[in-house]
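To keep things simple, chains are lettered A, B, C and D as they appear, and every chain counts its residues starting from 1.
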Amino acid sequence: MSNQSESNRTSKVMSMSDAIAKYVFSGATVAIEGFTHAIPTAAGHEIIRQGFKDLTLVRQTADIVVDQMLAGGCISTLVSSFVGNSSAGSLGEIRRRIEDSDPVKLNFVEYSHYGMVCRYLAGAQKLPFYPLKSFFGSDLPKINPEIRKVTSPYPNSDGGFDEIYVVPAINPDVTIVHAQRADQWGNIQMWGLTGLQAEAVFAAKNAIVTVEEIVSDEVVRSDPNRTIIPAHAVSAVVEVPFGAHPSFTQGYYDRDNAFYREWTGISGEKESIQNWLKTWVYGTKNHAEYVALMSEETKQRLEVGEAMSLPINYGSRL
Amino acid sequence: METQTNFSIDELLTVTAARALAGKNVVFAGIGLPTLAVSLAQETTSPNIEVIYESGVCGAHPSALPATIADSVLITGSEAVLNLAALFGYVLQGERIDVGFLGAAQIDKFGNLNSSVIGDWHNPKKRLPGSGGAHEVLANARETFVIMRRHTKRSFVTECDFITSASPDRAIAEGARSNAKGVTRVFTQFGVLARENVGEELILTGIHAGVDVAEVIAETGWDLKVSPNLEILPVPTQAELELLRNEIDPNGMYLRP
Amino acid sequence: MSNQSESNRTSKVMSMSDAIAKYVFSGATVAIEGFTHAIPTAAGHEIIRQGFKDLTLVRQTADIVVDQMLAGGCISTLVSSFVGNSSAGSLGEIRRRIEDSDPVKLNFVEYSHYGMVCRYLAGAQKLPFYPLKSFFGSDLPKINPEIRKVTSPYPNSDGGFDEIYVVPAINPDVTIVHAQRADQWGNIQMWGLTGLQAEAVFAAKNAIVTVEEIVSDEVVRSDPNRTIIPAHAVSAVVEVPFGAHPSFTQGYYDRDNAFYREWTGISGEKESIQNWLKTWVYGTKNHAEYVALMSEETKQRLEVGEAMSLPINYGSRL
Amino acid sequence: METQTNFSIDELLTVTAARALAGKNVVFAGIGLPTLAVSLAQETTSPNIEVIYESGVCGAHPSALPATIADSVLITGSEAVLNLAALFGYVLQGERIDVGFLGAAQIDKFGNLNSSVIGDWHNPKKRLPGSGGAHEVLANARETFVIMRRHTKRSFVTECDFITSASPDRAIAEGARSNAKGVTRVFTQFGVLARENVGEELILTGIHAGVDVAEVIAETGWDLKVSPNLEILPVPTQAELELLRNEIDPNGMYLRP
């Protein structure tokens, strides 16, 4: 009975440059999420191109894109629970900023993985804090005063009242994530590792979602449970194929493990990392040009096979 | 009313509520007239409305009118289905809802609602279903619209027997942080009661053509104030009635004659 | 590289009678969940058949199955946020127990819907409590002393420290839910309305999941994101077609709205509800016999159409 | 050791860890040797093991050895993929894990782990990746197995430079409620350090054939105690080695010579 007149409905599709220009600003708190899978690297590069400064970057697993944004001079504070080039070596720029304050000390706010998850959970639910069983006995609360305690109002088995650690809500000015696909209204569909993308988006004042492809309403609505973020939580949808390289997008292209290994060398010297930025970021107008720079050999190496899901029936009464 | 010849009370209520949705984007609908009002608004003033149901459905596009807020026809072809932790935690408490629709057994002048009991909670004359999600809708939606098909002293009361869903007025007085405005519109067979902000009383701002203000006051448990700018609510247009009758509820499932 | 030897792996498939007998006991706290969709009614009937008493029943939307279990003499305490026969009339037995203490007063613990969700969230996460923004100004905390407050350790915008309400964890002795399908290991796949089933199962000491069909590993593993409850959280899987009647199972059969309307009359008198139990529960050995009693007209009326999801690609590197 | 001719240290560590998984059901694995140990256990002593990765994968059945804990090959054909709120909240903090595998830069005698910094946290000599999920694994898994391929004074320390992941001993002392036993096994090139319960020290309970106990003590930063029942660990069987070499890691991705 509902024929919502799509003709008048407002599309959220934007170009990458417009979306970043509209929702990112110098001094903003920006969350860039994606747990190894579907890292919105292309969006990070556009932030570098547009030259935003003094960002508080919130990212659970701070990896290559963070090293690149640091080298691009975008970040003054980093909130994270893992600063490493997963099983592939190290991140030169982050280590220079933390170990040598070169060129200047990075303000690093350290959490555990679940501590980061809980900050987004509180943010998404507009709670002042979120409780978790972590941190007892650890040195993390000593170096991170944001990690605090509350007392449970319910007696424990001994009749006492236990304390429990809590972390504060994070509500980024903008959260940026990447997914396989979306419709033009902003319904985001994702599969494989979905990480904490939904929580990071719901926690944010605005959300930019980059996708491998924008698909028709029929595709999205054939499988509404596949939508991990509903349209109303999304500010802009950007179609950017290969937008997660060098990370992977399940079913589209694989992780560029060779590049992760190369990064240890590239980031080892300030000059080499700046040269890399010159070629791949400053030297490209947009991600299409970045992809054009990728060798055919690389693209072939990242190709994935076919492993299709079996259809299910959403049918209702006749 | 003389207009009775042209359209029913249900149609009048639905059209009036639909018009009040102009410019709204995210609407939490109940079953029945609210669903009809949202559909009418989507096809007229508010094409951007994303309709959300307590069951977790976002952007429903049902092929037939739903019998419950969890009807299978709401799921098929919808834009998203969320679990309840996400629907209540991220969407409702996350303050994503512009307008929530609610009903109630009792409402007071500040928009406190009772859906739990008639009489004393511990020994009720009548046990009602309870909060369901109503408490969270009123507490978290930017504003709440209430549809009451029978405006009488028994439901428009000076004091609710039990406050299941509290107005932000009461919540804030107890120390809550709230961005909700509570009940801003009540649609009844007589017209519209309204308030714009927390702390204000619901007053009579509009009546349907032919309604006697004295009767409305007489049927209200509290000393109902009448707006100095009381308006006679415009009647449904032929276009609106045709959408309701031919497209939205062709079988008269909810629009009783 | 992994050829986990399925031959030696232990199946969790059980008969309904064995599963209920093994995990339910008189005096137990039992959660039966399903928000209008996929209510495990068949399991509720087996609890009545086996005559368990003095249960604390936890159910967010207490509807027909609760009325039936009350009439069966199984329940002494009900924890719920909605006691109604959704848009179809009323529940006679619950009202008699609450309004007339007939035969005896029901101990009813009332919450709001999100209050119930949060009790399961705390239970699933082994937290002592879960915070939510509900309850301020409401009379619910006055009649439910389990609803308490804590103070946030983070200053609000005015520099003060806000209070917030919390609810206690619920950890049922057993949680029972229904889903479309599972594999024999206990991986539960569900679509359409998924409610709070995953949280209720993770919160429980044991979990029984009834399903419309047990499917092959290949079906489940073709779409791992469809698994809302992983095997390790499930104690028993029971195959029971039509196991959610009179509620519905998306893609399998529709809601029996006519029966919901009839229930108002059936439950209106103690005698009529007992007669109904005699025929449909005590009079049947198991749910197969219950289904056999359903008229062909009813089964036809509940048939659903076909609305298949479009396949997605889970493919990885070649 | 003379046995070197028959199998490598990596094979020895993997087989020893796999045998320790006998009877376990839910195992949280890291990449590399832990993944190999779980696969070997699944195919020998523990067919019921459901392997879980921090990325959210439950019941992985990869067609090739994963390069990371989030490798696409872990997702394809797996039994379930959970988001991180569920993986960390319901599975880890929900106390569903029997055994968690971890590594660390430093470990002390009670199984406190450092993966954050070498030196002072504020001005570190070396910045390490940090906790990741290690803190939650040690805090919530029923017990934790640690694999350290290089047992030296630099990693087996009297006091960690920074305690990223605390033993339940320290957590409980600060007021935590914990059912975790902390680190119960450490597998190294020398043998096995073990403890059964909270409050106990990790002591040397087993050595590989040909290992000199004095060398182990010399390479341990704390006053390592030796079990009165010190055992010489049984060497890998031909069947175990064939599974590792022909089936589990045929290309020697992790099993270095």
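Note that a contact is a pair of C-beta atoms (placed from the backbone, for glycine too) under 8 Å apart; a residue touches a chain by one contact, two chains touch by 3 or more.
Every value quoted in this text rests on a predicted model; they were computed, and no experiment measured them.
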B-C or A-B, whichever has more C-beta pairs in contact: B-C
Most distant chain from subunit C, judged by the mean position of its C-alpha atoms: D
Rounded Å distance, subunit B centre to subunit C centre (Cα mean): 29
Gap in Å, rounded to a whole number, between the CA centres of subunit D and subunit B: 57
Geometric centre distance via CA averages, subunit C-subunit A, whole Å: 35
Subunit A and subunit B, separation of their C-alpha mean positions in angstrom: 38
Residues of subunit B whose C-beta touches two or more other chains: 57, 71-72, 75-77, 81, 89, 93
Residues within subunit C bordering two or more other chains: 125-127, 132-133, 156, 162, 191-192, 194, 198-199, 222, 225, 250, 254, 304, 307, 314-317
Partner subunit C, residues of subunit B touching it in the complex: 31-32, 54-57, 67-72, 75-77, 81, 83-85, 88-89, 92-93, 112, 116, 121-122, 124-136, 139-140, 162-178
Contact set on subunit D toward subunit C in their complex: 25-26, 39, 42-43, 47-50, 52, 57-65, 71-73, 75-82, 86, 89-91, 93-96, 247-250
Of all residues in subunit C, those that touch subunit A in their complex: 125-133, 148-154, 156, 162, 164, 166, 168, 180, 191-192, 194, 219, 222-223, 225-226, 250-252, 254, 302-318
Residue numbers on subunit A that touch subunit D, as the complex places them: 35-37, 60-61, 80-84, 86-87, 94-95, 98-99, 110-114, 117, 121, 132-140, 143, 156, 162-163, 191-199, 228, 248, 250, 254-255, 257, 304, 307
Residues on subunit A engaged by subunit B in the complex (per definition of touch): 1-10, 124-127, 183, 185, 187, 198-199, 202, 220-222, 224-225, 227, 229-233, 314-317
